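Shared between the two complexes below is chain A, which pairs with chain B and chain C, respectively.
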Partner chain A sequence: MSAYATIAFKPDRCNGCNECMSACAAVKGSAGQIDSRIQIVAANDSFELAMCRQCGDPKCVAVCPAAALAKNEGSGVISWDGGKCVNCLLCTVGCAYGGIVHNAAAGHVVKCDMCDAAVAGAPACVKACDQGALQFITSARIYNEVGDLEDLFVPGLSGCQGCNTELIMRHALRRVGPETVLATPPGCIPGMGAVGYNGLTGTKVPVFHPLLTNTASMLTGIKRHYKRQGREMTAMALAGDGGTSDVGFQSLSGAAERGEEILFICVDNEGYMNTGMQRSSCTPYGAWTSTTPVGERGQGKSQDAKNMPVLMMMHNCAYVATASTGFMEDLYAKLDHAIAASKHGFAYLHIYSPCTTGWRFPSQDNIEVARKAVETNFVMLWEFTPEAGLTLSRPLDQARPLTEYLKAQGKYRHLSAEQIVHIEASLAKNVAFIEKLAGPRKPATAQQAAVRA
Partner chain B sequence: MKIQAKPLFDASTIPGDLSPIATHLNPMLPGDWRSMRPVVDRAKCVKCAVCWLHCPVQCIVEKPAWFDVNLATCKGCGICMVECPHRAITMIEEQS
Partner chain C sequence: MNENRVDYLVAGASHAALSALAAIRMHDPAGSLAVLAREGHLPYSPTVLPYVVSGRSAPDRVALKPAEYFARNNIAFLAKHALQSIDACAKRVHFADGGTMAYGKLLLATGATPIIPPIPGLKEVKFHVLRTLDDAMALHAALPRTRAAVVLGAGLIGMHAAENLAKTGAAVTVVEMQPQVLPGYFDSEAAGIIASVFADNGVRLLLGHKVEKLANSAAGCTLTLADGSTLDADLLLVATGVAPVIDYLAGSGVATERGILVDTSMQSSVADIYAAGDVAQAQGFYDGRPLVGGILPDAVEQGRIAGMAMAGDPAAPAYPGSVPLNTYAFFGQQALSVGSQSAGEVVLQESSGREYLKIVMQDGRLTGIFGINRPFDAGIMWQLILRRTDLSAVREQFITEPQKTARQLMSKLWR
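And then the complex of A and B:
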């Protein structure tokens, strides 16, 4: 069993230009838009899509009396075999999505074959859409690669509903694998039961609970001990932004300076969320927290956030990167790079983790908030190695309006116009700074192209 | 000569049952937190695994023709409903 790539349609981004239909007709040699295998249909004030979805349990395949339609177990594409087809058109009745229709010019039914996406990169219609209404979603690749690996946390962790940190923990530790010693300083990660209580543990690998101050130094000792024993393992830290940028910074900075072979993952939810949402040095300007309240005197945090990943880059670590759960393929690629780098030096991964409880938004919007943070440039995705310098994982020149991100969260509800101007101004400075570090634009790598799509 | 730490004792003499390390996995299941339950429309699911990718609890399980939810651990956050590119998941209220 496996998962498959799919074409997704966002009606709110479609402007009805029909470029996708022209592109499909051109690639498939159809007469024109009318014979295209993708059809955009105007409906009321919106648009609807009629094309083959490559269903999990395809009705067209079930009703075909000649076995001319079959679902490919590898690619998931439903293929049509002209040699077997008897032109009964039952499949066109079976499909509820307008995905297989009779083409008068061809004299038989036609349907989308995803343009053999493994060769083409993405189907022609998706490539032709410059509004982002059609998206080629290839994250099934991650499932097929790691879906069988064991989740190394217990099924029941008491993170809040929709906790992004829990999502990061489970994906990260599964990828790193069982030959790991995990350190989680005080914060949401041990708080939700990763280190356990009363003789019970929440993690299936050796895990310990250092102080906020000494995560990196304790891991240093553990890694050196295993190395002396000649045992291959990953010394991994999962720390919050407090345990990284405030209280844990001294030992972290020391370990990075010494080039200890550690994988240090900072899960940045911009505050001490576990103890009641106090501000940290990663809390952005203007944000409400329980220690930067909103009232007569205060209007949220009055200082800008510390740029923690840049600080770590200045340690000249073997690998530094920022990632977001809104862009999982990018996150997985960076995890792989970080794991490889931790075998010969200090690897630091800074993953932004929107907090449904502390940032005040509904739990189901968590990934949407993470995505908006990146799309508005509030969070910039990049990676750094001493050899290649800083490389942007996603271009910064097509940012969506920052207010889309700010309005998605209750912690910014009180912002005045002046405060928004302040946030936009410091964001522009940050973007210019990162762009300067990234230098003149280099040709996009395959990974960057995937993130953009 | 470089100073090296000496072993304080022979580790093999430590009784095996002395360790304070937790050895049992926490059996808690958060399925009963839920007020809303995700329901997958099997006809709409195309098995793209986006729900699995973004599920914080990792409670999405694969079936032959669709992805389903393990309700023993699902906390009902609704991320899968928002993220599903084919809108195959709806959240319905839990009844007693």
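And then the complex of A and C:
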């Protein structure tokens, strides 16, 4: 069974402008909003939706006596065949979403056909929504393409409940594939079992455990060895932000400057979470850690975080990018770019990884926190190559209020108004800096359009 | 698959059966599975037949599943296999041609067949019925030479056929014993609106009339009504209702009343034998009394529950009970009937011209909604009834704007 692209509705972002309905009516050649196949229904306290959900096991199809409705196994869209329909209206009994209705003007039932989104990029209603209330979710592509690839980590790992890093490990290694030698310096990644127990590894590829200081140096030697042998492989590091930006920085900087053919992934959970949640140079201002405690005098970390991905960009690496598990399509595209770049130069991928234990939020909220980080611009998604410079993966001009992100985590619970002002000011500076590097806005690429959703 | 034994045997090949096949395969991709079709056609819906009669649906384009579907899902589709008897102890069925097949679980979805009323002379004259694809093709072939058609019965099949016969230019008369058309789905006021549309389109409706006898005539047949008047017809369609096909159950031990009695998992009185669709007599939603529904969306639901139960799917729900449901499009008009006319208090009944709306509620909950040319989402209303959703807080709004209010409620309930 395949997964499919879908239209998602976020009622809390809908402002009832009904532009989606106008757009649908226009593209379907009908007169007004009443003929739109998406219907926003204003209730007292919310906006509600009546629209086809393109069900996986659609009852409208099952009750159609004329075989006029069918689920397209390629696109997932439930299609309507006017040549077969007998206007019996039974489909309207099958649908509990108000998604297929008789249209008096058309003289037959009508339903959403997703606008043949493969051609149009996104359905007309989604394009018309400037509030982000309608989103075209195309991440099903990942499931379909990657779902059959082998998971190269062992099934059982001792990560914390809801750990984002485990997701990154599994997705990244699955994509890179079995012809890989993996380095995991001290941190959560070996700590949760990647290097194994009792003489067995936790991965299905060769894995080793360098010191915090020498990850990039050891990978350099391994890659050069295989290269001399004439063997194609990926030398890959999965390192925490400590092993990247603090103790590991010297060897990393050297390897990047030499243009070693390495794929270095920094899993940034903003601290030394494996050893008890100590601060690192990637810990943001104001954040609680065990070494930046909150008490009579201390109010969390008193310095701003080091902008690690920008530092790597300044090495003029073959590829540098930031990514988030809240935006998997973007992450996968960047993994592809990074793997390709690591065949001819140094590729650095900085993935933000909210830490349910160290950042103090409920374990089921991990992806939500990751998403909010990006949506508030606290984390900016971009990529860099020496040829194209820095390009934004997602526009920075529609940020949601930063407090939405801060309030989602316990590590910021103590923040004073002054501290929030400080964080907002630093963020504004960072955003302005990245925007300047990105230059004037270029037309959105398909990838950007997808990430915006 | 052993030729003579399957894990799952499904007798019948329409909506309930197909829905069960899908549910079984969802949970058990490997178990051997065979489906028996009485006729030689691929599965089709009896509901589409009036449109085959009119020519709107081509007989070769009404198949609900292509042959390839059965091959792909490893389902043996056995055409022209009708059940003769069931040996429930040996878990084996016997076919009309003498063959047998053993089963692990058996679903009876054998549907219904037309009732031929005991009217003197009926058996001596030529008449049509409309339950199979062959019936529909025969009726379609007879249309061009039909000048004067008589339809016995003003139920859905009779009314659909009458409309299509009228559209070919024939003079059409419908004779119905009850004083209104579509009894059971619409009250007399709504039925009156429907009848007036038929009258405006030249269909003669003789309601509250009984046929006393029939005799052959030069053109076809002559009907004599109870009041002594006569009708001449060159085409006679008998559409006076259907009855479940259960003749093969003699000696099986499966308990029946009008249809096969089933519990809320669609299992009959005999273990491992299930029934769904028009042949089943399952509990009604409002009073729990078992009834033969004959409702297409209900057949799909029953088939799904039976299939899940047969495959041992732990997610199999209990059957919530049959709610009367109907959609009826006629001469470009739309009539919808969801729920019970009588299980509650009429909180709204209004009509003007060809529009009609009636809402029935009990204890602040919807029990029925009926409309002609008044849009509402029948599927959402069905859910609100099944869930017994409390509408007290939005009662006035619901009565004023049923479609909008129901959409709001349902959208919130899904979240």
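Keep this in mind: the second predicted complex is superposed on the first by the 451 of 453 C-alpha atoms of A that agree within 3 Å, B and C clash if a C-alpha of one lies under 4 Å from a C-alpha of the other, contacts with A are read in each partner's own complex, and residues count from 1 in each chain.
Methods note: contacts are C-beta pairs under 8 Å (C-beta built on N, C-alpha and C of every residue); 3 or more make two chains touch, one makes a residue touch a chain.
What you see is a predicted model, and the numbers here were worked out from it, not measured in a lab.
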Legend entry - Joint occupancy of chain A by chain B and chain C, clash or fit: fit
Legend entry - Partner chain(s) touched by A:424 [first = chain B, second = chain C, both, neither]: neither
Inset, instruction - Kindly classify A:92 by the partners it touches after superposition: chain B alone (first), chain C alone (second), both, or neither? - result: second
Inset, instruction - Identify the partner contact of A:365: answer first if only chain B is touched, second if only chain C is, both if each is, neither if none is. - result: first
Inset, instruction - Quick one: classify A:48 as touching chain B (first), chain C (second), both or neither. - result: second
Legend entry - Which of chain B and chain C A:5 touches, first, second, both or neither: first
Legend entry - chain B versus chain C as contact partner of A:404, first or second or both or neither: neither
Legend entry - Of chain B and chain C, the chain that contacts the larger number of chain A residues: B
Inset, instruction - Examine A:57 and indicate which partner it touches, taking first as chain B and second as chain C; both and neither are also allowed. - result: both
Legend entry - Smallest distance from any CA atom of chain C to any CA atom of chain B, in Å, after fitting: 6
Inset, instruction - Could you tell me which stretches of chain A are touched by chain B in one complex and by chain C in the other? - result: 57, 59, 96
Legend entry - Residue numbers on chain A that touch chain B, as the complex places them: 1-6, 8-9, 53-57, 59, 76, 96, 135, 137, 139-140, 142-144, 147, 151, 154-159, 161-164, 166-167, 170, 193, 196-197, 199-202, 204, 325, 328, 356, 362-368
Legend entry - Touch list for chain B against partner chain A, complex: 22-30, 33, 42-50, 52-59, 62, 64-67, 70, 72-73, 75-79, 81-83, 85-86, 91
Inset, instruction - Sort out for me which residues of chain A touch chain C in the complex. - result: 11, 39, 41, 43, 46, 48-50, 57, 59, 62-63, 65-67, 83-84, 86-90, 92-98, 101-102, 104, 107
Legend entry - Touching residues on chain C, where the partner in the complex is chain A: 15, 18-19, 22, 26, 45-48, 51, 56-57, 61-64, 296-297, 300, 304, 325, 327-329, 332, 334, 336, 338, 375, 377-380, 382-383, 403-404, 406-408, 410-412, 414-415
